[in-house]
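Next come two complexes, and both contain chain A; in the first it sits with chain B, in the second with chain C.
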Partner chain A sequence: MTTKAHASPGTFTSAAVSSRNVARKKPWGPILLFLAPVMLFYAAFVLYPVGATMYNSFHTIEANLGQITTTFVGLDNYKALPDDKIFIQAVKNTFIWSTVGPTIELITAVGLALLVYFKVPFFRFYRVAWFTPMLVSGVIVGLVWRWIFNYDWGLLNVGLRAIGLDSLAVNWLGRRDTPLAVVIFVHFWATFGFSFVLVLAGLSTISNDLVEAARVDGASTRQIVWRVLIPLLRPVLITVTLLSFMGKMRAFNVVWVLTGGGPLHFSETVATYIQKRAFLWRSIDLGYPSAMAVAWFGIVLLGVGLLKLWLGRKETY
Partner chain B sequence: MRKSFAKIFALLLVVALSVPAVALAQDEQVTIQWWSHWANEPAKVAVIEQIAADYMAEHPNVTIELTWWDKGPLFDAIRNTMIAGEGAPDITTFDLEVSEWVEAGWVLDIEDYLPWDNFLPGIKEDGNFEDQGIEGQYKFNISAVSNMLFYNPDIFAELGIEVPEDYQFTTDEFLEVVQKCSDAGYAGVADAIGNRAYPGVWPAQAALWTLVGPEEWNLYNNGLKSWDTPEARQVLEYTAQLRDAGLWPTTFSTMGIDEFHIYFHTQRKACMLYVPTWYPGRAFQPQENGGQDPNWHFGMLRYPSWEDGKGNDLLWNSFESGYAVLSTTEHPDVAGDILAFAAQPKYGALWTAVTNSPSAIKYDVETDWPSEELQEALGAVPGQWDWYWEEFAKVYGTMTPAIGTTTRCGDFEAAVVAALNEGLPLGLLTVDEAIEMLDEALCAE
Partner chain C sequence: MTTKSIPMKPAIDGRMVRHSVRQVLVTVLLMSVTLLIIIPFLWMLAMSFRTTGEILTDPYGLPTRLNFDNYSKLFFDPEIGFYRYFGNSSIVTLGALMLTLALSTLGGYGFGRSRYDFRFRGWLFALLLFALMLPPQIMYIPQFQMMTKYGLLNTYWALILLYTASQLPVSTYLMATYFQSLPEELEEAARIDGASDLRVFRQVMLPLARPAVATVILINFLQFWNELLLAVTMVTKPDMRTLPAAMMLFVGENSADYAMAASSLVAAMLPILLLYIFLSDKFIEGLTAGALKG
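Moving on to the complex of A and B:
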C-alpha cells in the first residue's frame, strides 16, 4: 500500500475554493474602517512627504524678484552630488559610523544581556540602568556630553588629569581626529539600551531545557554561550544589526547638538548636511537637498538589502 | 413713476450695501498675529509687549497676539507656513540671514508705512535689496548694534597692562596683550563656538574692518571679493598669530554663547570679550539667571588699529534682527501701522532704557526718556547700568559709525563658518587653506 506523497489535484482545488470563501467572509468593511485612520495618517505624513521629496529632487525652486519658480532639471541635482566635497565627507563619516556603531553596539548589547541572563549580582538594577539612556532626549544627551567633553572642566578630562593621564586630556571636539569618534560614542551610549533589551528579550525566549541539556552534557558556560545561545539568538542579532545600521545611517539629533557637524565637517553626517542645505543655506531651494535625501534613501535601502543577504543565510539546527 | 421708483430703489440699494461695508471697516475687529524671537530676553519681551499694549489701547478694535520664539525654530516655522500658504503670522522677526524670503515674495514692502526720518542713518541700507534688483524696504529695526571690545580691568591691573589714552591698542600691542594674558593663565578673549556659527569670526572681522574700512569689508564679508589679496592675507595671518598667542580659551569648541558671557563677567577667566551691543540681553539679568554683578564695571576698548588702516576710527555698526510684515497678512495696513506706531521716538528711548541696547530709532533724552515708574514696571532698575553707557560714550562716542552688513550666499556662509569660525581659530587650517576655502565659495555678484 503506497502513501500518496502529494495531495491530489482535487485537494488543491478544494483548498483554493475554501480560501476564496474565507476571503469573501472577511468583514472588509470594518477592516477598512479601522485601518483607514492609520492609512490616512501614513499617507499624509509618510507617503506624501516622500513623494514630494522625490518630486523636488528633480526640480530647482528659485525665488527671484518676488516670484517662486519651480523648474524641472532632470538628474542635474543628482549629478552634482559627487562634486560636493561636504556631501562626500558626510557620506564617508556616516559609513564609518554605520560600520563601527552597530559592531560595538552588538558586542556590548550581547555581553550585557548575557550578564543579566546569567543573573549576576544586581542584575535587576542593570536591566533598568542600561536601558535608561534610551529614555533621555537626544538633545539633552548632546548638551550633557558637550559639558562632559569640555576641555577645562569636563568630567572626562578632569578625571584623566586626576589619574595622571594628562596627555589624554585633549580638546575632544576641536580636533580633526576625535569629533567623529566622540559622536559615535555618545550616540552609542544613548542607544545601546535598545539593542540590549532586544537581545535580552531574545534570550528569554530560549528554552531553559536546551541550556540544562547542555549543562548535563558537560558544557561550560562559555560553550553554552557560543554553541547554544548565540546560534539561537541569530535572528534577533540580525534584527538588532539591521536596526542599528539604519539608525546610524540617519543619525541626527545627537550630532546636531554636540558638534553641529563640525569642526570643518569632521563630524558631519548626511542627515545634518541635508538639514543645513534645506534650511540654513540662505535659499528656499529644496531640490538639491531632496536629491541628497532620495539618493541616501536608496543607499540605505541597498545597504540594508546587502546586510540581509549576508547575514540572513539559512541555518538549521 | 415706475422709472423714478426704480432709480430711487437702485440708489437706496447701493447705499444700503455700502453702509455696512463702511461700518464694518470702522468697527472691524482685527487680530494681528505677531511672532517674535527674543523669548529668552525678558527686557526685550517687556518693551515689545508694552508697545503692543499701547497700540491696542489706542486702537480698541485691534488685538495683537504676541508669540515668543527662539530664532531658529521661528524661522523654520515661517518657512513652513509660508510654503504651506497658511498659518503664518502677520508680523514676524526678520533678518538679512533670511533674505531669501524677500526674493520669494514672502515679505511686504513697508517703505510707505514707516516714518524713515525717525531712524538712524543707514537704516534704509539695512532693509533694502536693491542689489538683488528688488525695490522697496522690508525690515523694521528697533535695535541697533555696535560691535565692541570689553576688557577686565582687574586682570589688566594684575598684569600691568595699561589702556592707551585713545582706548585703542595697535595690532602689535594687542598681540602683546594677548600673550601676557595667556602667559598668566587667562584666555585673551572669552569666545566660543559650542552652539553658534559666528563668534569665532569676530576677531578676524574686526581686524579686517580696521584695515580695509567698511566698503571693502562688506565685499569681503559677503563673498563678493576674493580673499586672496594682501590685505585679507594680512588679517588672516594676524588672526593666526593671535590664536598662537592664546587668544581663544581652551574651551572654545564646547562653550555656548551664554557660557562665554559668564566666562568673562563672572568666572573672569578671560582678559577681553568681543561682543555686539546685545551683550546686556544676557548679562544685565539677575545673577541667578546668568547675569553679571551690576557692581562689576568692565572697560571698553576700540578695535586694534593698523598703520594706515582705513577703518581705525570707524565704529562697526549694524542693525539687529527686526520685524517684517508677511505677504499672507489679511491686514497689511494695520500691520504696517503697528510698526509705524513702534517707530515713535519714545519707544526708541524705552528700548534703550529697559534693554540697555542702542535703538535704531532716534530720540531726545530730555523729552522721550521713559519715567522711572515705567522702567521699573518693565523690570528695569533705573540708573543701574549708567556706568555702562558712560563708558560706551567715552570710548566710542567720538568714533564715526559705519554700517557693516552680512548678506552672504549659502555656500560662502558655510565656508566662513568652516574656515573662520572653526578652522583657523582651532588651528585646523592654514591661512592658505582658509583662503582657498573662502575663494571656492564666493557668491556671484
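Moving on to the complex of A and C:
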C-alpha cells in the first residue's frame, strides 16, 4: 500500500483534500465490476466442474434406457483402483516418464545452454530454432514421429538399415518395452526447447562481473560452471524441473496421437486411460474415471510437494 | 587474447589451435542438434511436394519439381474442404481470445491496482491461481456434462467457453502483474478530473498495458490453436472440428495417401510457424515470462 505523504504544492488544495477523502472509502462498485466477471466465469467453468468431479467420484453413474441414474457408492470407486491392472500400469508408465523425462531434459537443457552461453556463434539462431517444436500442435508432433518410427519405411529404421545396423531397426511402436521410450523421446523433442530457453534466460541474468572475477582468480572453465553458474542457477533449475514434472504427469496430446496408449496398454498413461474410460469404452459409468482423476490429482500434488521438499532442502548449506 | 610479439614463438601456439578446434566441434555438435530438431519438418515439407506414387517408390528422395497439387486439392476440393477446419479453428480461437482478453484485463486491473485491495482479495487471487495445479482430466467430465445439458455440444461455444476458462488464471495473472507495476499518478490525475473508474481503466490504463496484452494474445493464440483434448471430446461432428481434431480424422482416413497427409500437416503448421518467424522473440519471452516470475 502506498503512503501519500508527499508535500507537493497540490497537497493542500481543496480538490486534493477531497480526493484523498474519497480515496478512503473502498470503491466497491468498481471492485465488483472488475473482479466479478472473472471470478464468476471461473467459478462456473472451473470450480464447479472440480467439485462435480469429486462428487461424481463417490457415485456410480449409469445410463439405463436414456435415464441417467446416479447411485451413491461411497469409496468403492477408489477401492477398485489398486485392483485395476490397467490403471496400475498407467501409473507406473506415467511415473517412469515423469522421472526419466525431466532428468534427460534438465541435463540436455543445461548442457546445451552452457555451451551456447559461452558465446558460440549463431546463438540467437539456436534459440529460435530449438524452440520451434513447442509451437507445433501435439497432433502434428505425434503424427510425424509415428511415421518416423514406422517399422517398414520410417526414417529411423531406413536410416539404420542403410548404415548396416539392421538389428537395431526394431518395431518401435509394436513391442512391449519400446513404445514408452518412444513417447518419452518424442515428448522430450517437443518440450526440450522450453527448458533450454528458460535456463538460457537464467544464465543471462548472471552478471558478467562474477564470471570475470572468477576467471581473474584463476578458475578454470569447469570450476566456473560448477562452483559459480550452477549454484546461481538453482532457482531456475528448480522451476524447470517442477514444470517439467507436472507437465509430464498430465500430458495427453502427444501420447494419444503417437501410440494411443498402445499397443495393449504398454504405453498407457493415466491421462489416456481416463480419457478412454470416460468417453471411449462402452461403460457409461462416469463415476469411476472421476475417482481416477481425483486420486491422480492427489498423487500429483503429493509428487510436487515431495519434489519441492527434496529440491529445496539442498538450498541451506 | 593478447598476442605476444616475441619473434621466437611459433605463429600458431597450441592454445589457439585448441580453442578454434573446440569452436568447430561445438558448432558441429550444435548444428547436428538443430538438424535433429528440424528433420521431421523438412521431411514433411519434402513429402508434401511430391505425389504418393513418388513417395512409395522412393520415400526419401527430394521432390523433382515443386508440385503444388496436394495443396490445391487440400484447399479447393469441396469434398476435403480443409478450409472448413481452418475456419472452425479461427472462429474458436478468436472467440476465446476476445473473451479471455475481456475477462482477464478487467480482472487483472481489479487484482493489480492497490486502490481495489480488500481483505479477501489475496485469497480470491490464490483461488484463481489454484487452477494452475489442476490436471485437465479433473474438470472435463463435468464440463462435458454441462455442455450436453445446455445443448452446447458440437457448437463453437463449447470450446470458446472452456478454452477461456482454461487460460483465465495465467492471463489474469499476467495482466495483474503488469497493472501492478504501473504508476498511480496518471490514474489519480484522471480521477481528479472527474473520470469514473471504468473510464480511467478504458482510456488511461488499458492503453498503457499494451505489452502485457500482446503477450496474453500470443500465449493464448498458441494454446487455443493447438488444443486437442477438449476439441476431440466436445466436438464430434466432422464438419465442426477444429484443426487438431480434424487432423486426426484426416490422417487416419488418408493414411495410404501419404502426400495428402503430409501436405495437411504442413498446412496446419503454417499459421503458427509464419507468425513465429516474425515474432520469435516475443513468443519466447511471453511463454517463459510466467514461468520465471513464479
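Operating definition for what follows: the second predicted complex is superposed on the first by the 277 of 317 C-alpha atoms of A that agree within 3 Å, B and C clash if a C-alpha of one lies under 4 Å from a C-alpha of the other, contacts with A are read in each partner's own complex, and residues count from 1 in each chain.
What we mean here is this: a contact is a pair of C-beta atoms (placed from the backbone, for glycine too) under 8 Å apart; a residue touches a chain by one contact, two chains touch by 3 or more.
Model, not experiment: these values are computed from the prediction.
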| item | value |
| --- | --- |
| Room on chain A for both chain B and chain C (clash or fit) | clash |
| Per-residue touch tally on chain A - higher for chain B or for chain C | C |
| Touching partner for A:W226 - first (chain B), second (chain C), both, neither | neither |
| Which superposed partner A:F279 touches (first chain B, second chain C, both, neither) | both |
| Partner chain(s) touched by A:F72 [first = chain B, second = chain C, both, neither] | neither |
| Partner chain in contact with A:L173 - chain B first, chain C second, else both or neither | first |
| First, second, both or neither for A:W256, with chain B first and chain C second | second |
| First (chain B), second (chain C), both or neither touched by A:Y42 | second |
| Contacts of A:W310 with chain B and chain C, given as first, second, both or neither | neither |
| On chain A, positions contacted by chain B and by chain C | 153, 279 |
| Sites on chain A touched by chain C in the complex | 1-2, 15-16, 19, 23, 26-27, 29-31, 33-35, 37-39, 41-42, 45-50, 52-53, 56, 112, 115-116, 120-122, 125-140, 143-145, 148, 153, 155, 158, 189, 193-194, 197-198, 201-202, 236, 239, 243, 246, 249-250, 252-253, 256-257, 270-271, 274-275, 278-279, 286, 289-290, 292-294, 296-297, 300-301, 304 |
| Residue ranges of chain A in contact with chain B within the complex | 63-68, 86, 146-147, 149-154, 171, 173-176, 260, 262-265, 276-277, 279-284 |
| Residues of chain C that touch chain A when the two form their complex | 23, 26-27, 29-30, 33-34, 36-41, 43-44, 59-60, 102-104, 106-107, 109-111, 114-118, 121, 124, 127-128, 131, 133-146, 161-162, 164-165, 168-169, 172, 184, 188, 191-192, 196-198, 201, 222, 225-226, 228-229, 233, 243-244, 247-248, 251, 261, 265, 268-269, 272-273, 276, 280, 283-284, 287-288, 291-292, 294 |
| Parts of chain B lying in touch with chain A, wherever the complex brings them together | 75-76, 79, 83, 97-100, 102-105, 132-134, 193-195, 197, 249-256, 408-411, 413-414, 417-418, 422-423, 426, 428-429 |
